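Chain IDs A, B, C, D, E and F follow the sequence of writing; residue 1 opens each chain.
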Amino acid sequence: MTDALAPMRLVTIVAEEVLAPRLVAAVMAAGATGYTTSPASGLGSRGLRSTTLGGENVRVETLVAPAAAERLMAVLARDWFPHYAVVAWVAEVAVVRGEKYGAKLHE
Amino acid sequence: MDFLALAKANLLSPLLLCFALGAVATLVRSDLRFPEPVFNGLSIYLMLSIGLRGGVELGTGEIAHVVGPAGAALALGVAIPLWSYALLRWMRFGVADAAALAAHYGSVSAVTFVAVLAYLDGAGIAYEGFVPALLALMEVPAIVVALVLANMGGAGGAKGAGGGGSMGQALRDAVTGKSVLLLTGGLVIGWLAGPAGYAPVKPVFGDLYRGLLCLFLLELGLLAAARLRDFRRVGAALGAFALVMPVLHAAVGVALARAVGMGVGGAVVLATLAASASYIAAPAAIRLALPQANPSYYLTASLAMTFPFNLVAGIPLYAAMAQWWYS
Amino acid sequence: MDFLALAKANLLSPLLLCFALGAVATLVRSDLRFPEPVFNGLSIYLMLSIGLRGGVELGTGEIAHVVGPAGAALALGVAIPLWSYALLRWMRFGVADAAALAAHYGSVSAVTFVAVLAYLDGAGIAYEGFVPALLALMEVPAIVVALVLANMGGAGGAKGAGGGGSMGQALRDAVTGKSVLLLTGGLVIGWLAGPAGYAPVKPVFGDLYRGLLCLFLLELGLLAAARLRDFRRVGAALGAFALVMPVLHAAVGVALARAVGMGVGGAVVLATLAASASYIAAPAAIRLALPQANPSYYLTASLAMTFPFNLVAGIPLYAAMAQWWYS
Amino acid sequence: MDFLALAKANLLSPLLLCFALGAVATLVRSDLRFPEPVFNGLSIYLMLSIGLRGGVELGTGEIAHVVGPAGAALALGVAIPLWSYALLRWMRFGVADAAALAAHYGSVSAVTFVAVLAYLDGAGIAYEGFVPALLALMEVPAIVVALVLANMGGAGGAKGAGGGGSMGQALRDAVTGKSVLLLTGGLVIGWLAGPAGYAPVKPVFGDLYRGLLCLFLLELGLLAAARLRDFRRVGAALGAFALVMPVLHAAVGVALARAVGMGVGGAVVLATLAASASYIAAPAAIRLALPQANPSYYLTASLAMTFPFNLVAGIPLYAAMAQWWYS
Amino acid sequence: MTDALAPMRLVTIVAEEVLAPRLVAAVMAAGATGYTTSPASGLGSRGLRSTTLGGENVRVETLVAPAAAERLMAVLARDWFPHYAVVAWVAEVAVVRGEKYGAKLHE
Amino acid sequence: MTDALAPMRLVTIVAEEVLAPRLVAAVMAAGATGYTTSPASGLGSRGLRSTTLGGENVRVETLVAPAAAERLMAVLARDWFPHYAVVAWVAEVAVVRGEKYGAKLHE
């Protein structure tokens, strides 16, 4: 196996579904090269359902370089957490061919 | 039939009883849930069906007659949020919450609209074929007016998260929103296709809509009752607003309808549109553009109070009001 | 028509053929899958439709006549799990597995119920309008009886995981379960709305149910054939149980129906209810309350053996049995 | 009705207008989306309904007459990909892309098929009851032929990822694919059940299909317009291919239909099948077996160009061609 | 960026869908402040499908403090694994504003 | 609590839905004892939609021993990445009773 595994960050964001289009725009603006969304529901400390078809959330995952992950978390903390039901976390993961997601070769 | 007989027939119609069944299911904590994709599919069907049948009717009538009623509908869509906002501010609601509620009460509920048509059909009262156009016209303006009010009051949306320009964005979203699109699209299709083109699709768009509406109301009953649990968060003042304002708006609607020359059936429809509050389009728009507003207020008021009130008592009342005014 | 003609008409009805098509699709490993939300939506529709049509019928008949048949249905719901449990224990099944199977065979299958009505309609045999009430009455008792038996036998559910009280919880869940709720809700709605209220929703709840049932059976065919792959795990003894007990239960059902004064059509329905085994409500309840029981046993027996047996051979047989007994 | 009147009726039919509405929704970036499970459920319904109605017709006609047309359909399914591949290679497309496009144009579109039947019904032109069998026969052969061509050209699929044997696998998948299964299953069911068995399910499978097809076309309009955005990637040469080849294929279809003794209605159907390009079955098969082929080419050409062309202009044109040839 | 990222645990549980209501109750009982659920299917060593609409699972994710994660895993191992088709894993993740999920400030 | 947490790898793969049957076969062939799939959508650097109902992806998660994770990533990099829209990452996670997923006791 010649492809070494490169370290990356996986940022996962759970938010009200109505926010999805703006959220993925924010993700791309922070420097991501892609994202994956999936349907979710849940309960949090606010417990608000903001639309009639309440309780429906969206889960956005993006594989980004560490710097972009920090940028994204900072944007979320500043612009999104105060207003919306949003939860986000960062995990360290390994990928093959990290360049694809914006990783520098010797990070 | 007299008023009481009609009110009773309304109460015992499968439509209302299905709504009640949904509410009961939530209250006894049943595991009954309507699958969301099916609910979304039904919404698309209902909107298209309303538009299509209206469009076919439109083609057989005189289109010039629509101008006055359209103006009346637009006037209601602009005026209702203005006075609702003023009243709610006076009731000590914050800028964002007052604007959010104003948007909901100025906009309209498609299911309430369909329910009033079913009521009129049952009572044998005729109405103008173009009324679906009024429904389409009244969905958006109130949302725009309310957002302008919020901006003027200093509650200007979540600038950062939206990337700026949330007002213009909200307007764009509302106009290209699926309900406006399906209603107007359906009207145009029905008008172009005419009765001959409509005939082969009538088994779906004509014959099924009353029954499918029952399933829709079952789900709305589930959702409305779930909202009722938020009632303590909402308070009696908002409860009074949610039950009194529809009647006032209906009265204005009847008066305007008569002024622009609509028949008594059309007056009942316009009154009901004025009285109804949006619970699908407006919440989504407001949540994005005015995140500071508390969804418990606007959703509980529109979905759990005004909507059932209109279904149960409002529609027969507005019909009686219109008949009294026109006689 | 004589017995053979009816049996042939049954075999060649689109209902059964759609079930067969679903089974074939699974066997040839086709990619045909029914989207789950659509299946759930169809379930809601079918339950509500059964209840609604029954309720309308109920209103036109004499409600006092329902007491005897209701008692018979309840008696079957209690007695069938008792003797099934005893027999299965004697056949060396463990406490949990015996109780789980007893719950399934004492409870009922709504689709088998609809199939027997379709059969009677086709054969021109009348039946009592209140039969959907019997369906609703027979869903829950057997599950409760079986859980009591399991408790007495020392297989008391997963205490820790359920947080205790799984018996009471199971009972609560079953009574507020969506099928009981929709059936009884539909009965009440149909009874209150009456024929006049029912008329506008009949194109959906009356005209469509036979066709939509075909789609439902297509999906059940897919699922039943997938279960057949578990057959080796199940064994011949359980296979015999799944094919013989329905006929015995049907015989008891016919006798009881006659004893409480039901007509021949009603006797066929009660016999079929007794013979049918639950494959939607009971599995979910049992999985939670009796996790030690092996799902391969109860699901393969009820869905992959008893259900198709009843559809193909059972229903015509029970009809013949009832006609012989009543003549 | 003369040609122009029919073309106008076609253009103004709700079917086409719903397709246009879907396209408009995508172009104005509306949030209108059709829930995927509902679309999948509708697909199952449409396939089964086409088969079922064809099977009932089949039973009332003479089955021997199907042999010639079946041979013609198979011949088209084999020949179209051969000459399409040769032409596309000459147009400098790579082996994989040429084979992928050849598969799509040799296979068929069920919605185009249903649209041509609706057109003929509207125009009062009779056609053979067995035509759904031709649809089922023409779905798979072209895919197989195209994969053989690709293999011979050296573009042999993704061996590693598929675990080898992707040709045989692709053939298996196509034959047990859900559209072939539902069509042939429906034909057999309709044939076995006959008109008497069909009657109770006709409200669903007969009366609703035109209306439900509108909803289906709404979604296809959404998808086709989204594909149009890929147009620049596709280029004018492929655009010409997508608009010219259908007309040639239709001409061959008319000639063959006459040669094997079909009526003028059947000739229009066979011509339309030849002219149509697959956009559901073929893309999935090709994506797996020929991953090197660019989906932008085959999907944009078949869904965003050939499909609307056939709906709008092709079908009336092929009807005119057949009538001229038969007169 | 003033918000530092705080270490937390993400517990992911995959189980038969019929268990969902009880499972989220167990999650909250172990000290979680919220959870996210999403639909899933799958295959495991038991290969059992326990309901008619077989194969359908639920995926529950909860962001909790390390101690709560250990508590939750212990409860799952004791009460759930023996009876039900359940799989669970714990990952280390970083969040902004860990207090929200029950993290102590200097953990 | 007697069950110690054992270290494992969670491999997550996002791919076009049409690939799902082959993908899970590849996962099992690499030595996994099970997997979980869930529906997803997304956008990546290729931005291709390959079927009519475009944009739909599948998300496959599998809990495997470290060696199997490396094997699986190598297979993906060799056979899948060149042809299909596939993204994959590996995370370190902890489980109770790692033997179930093929972990050796003292890895």
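Criterion: contacts are C-beta pairs under 8 Å (C-beta built on N, C-alpha and C of every residue); 3 or more make two chains touch, one makes a residue touch a chain.
Here the structure is a predicted model, which means the values were calculated and not measured.
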- line: Joint neighbours (chain A and chain F) are E
Message: With a step meaning a move to a chain it touches, how many steps does the shortest path from chain C to chain D take?
response: 1
- prompt: chain E-chain F contact: same residues or different, taking over half shared as same?
  reply: different
- prompt: Looking at CA centres, what chain is most distant from chain B?
  reply: F
- prompt: If you average the Cα atoms per chain, which one ends up farthest from chain D?
  reply: E
- request: Go ahead and note the Å separation of the Cα centroids belonging to chain B and chain E.
  value: 41
Query: How many angstrom between the C-alpha centroids of chain E and chain D?
result: 47
Rounded Å distance, chain A centre to chain E centre (Cα mean): 19
Task: Specify, in ascending order, the residues of chain E that touch 2 or more different other chains.
output: 38-39, 91-92
Task: Specify, in ascending order, the residues of chain D that touch 2 or more different other chains.
output: 35-38, 203, 208
Message: Please list each pair of chains that are touching.
response: A-B, A-E, A-F, B-C, B-D, C-D, C-E, D-F, E-F
Query: Across the complex, what residues on chain A touch chain B?
result: 16, 18-19, 22, 25-26, 29, 48-54, 56, 75, 78-80, 83-84
Query: Any idea which chain C residues touch chain E in the complex?
result: 36, 39, 158, 160-163, 223, 226, 279-280, 283-284, 287-288, 291-292, 295-296, 299, 303
- line: The residues of chain D that touch chain B in their complex are 9, 12-14, 17-18, 21, 24-25, 28-38, 118, 121-122, 203, 207-208, 210-212, 214-215, 218
Task: Would you pull the chain D residues touching chain C in the complex into a rising list?
output: 35-38, 40-41, 44-45, 48, 52, 173, 176-178, 181-182, 185, 188-190, 192-194, 196-198, 200-205, 208
Message: Please output the residues of chain E touching chain A within their complex, sorted ascending.
response: 1, 3, 5, 8, 10, 24, 33-39, 63, 91-97, 100
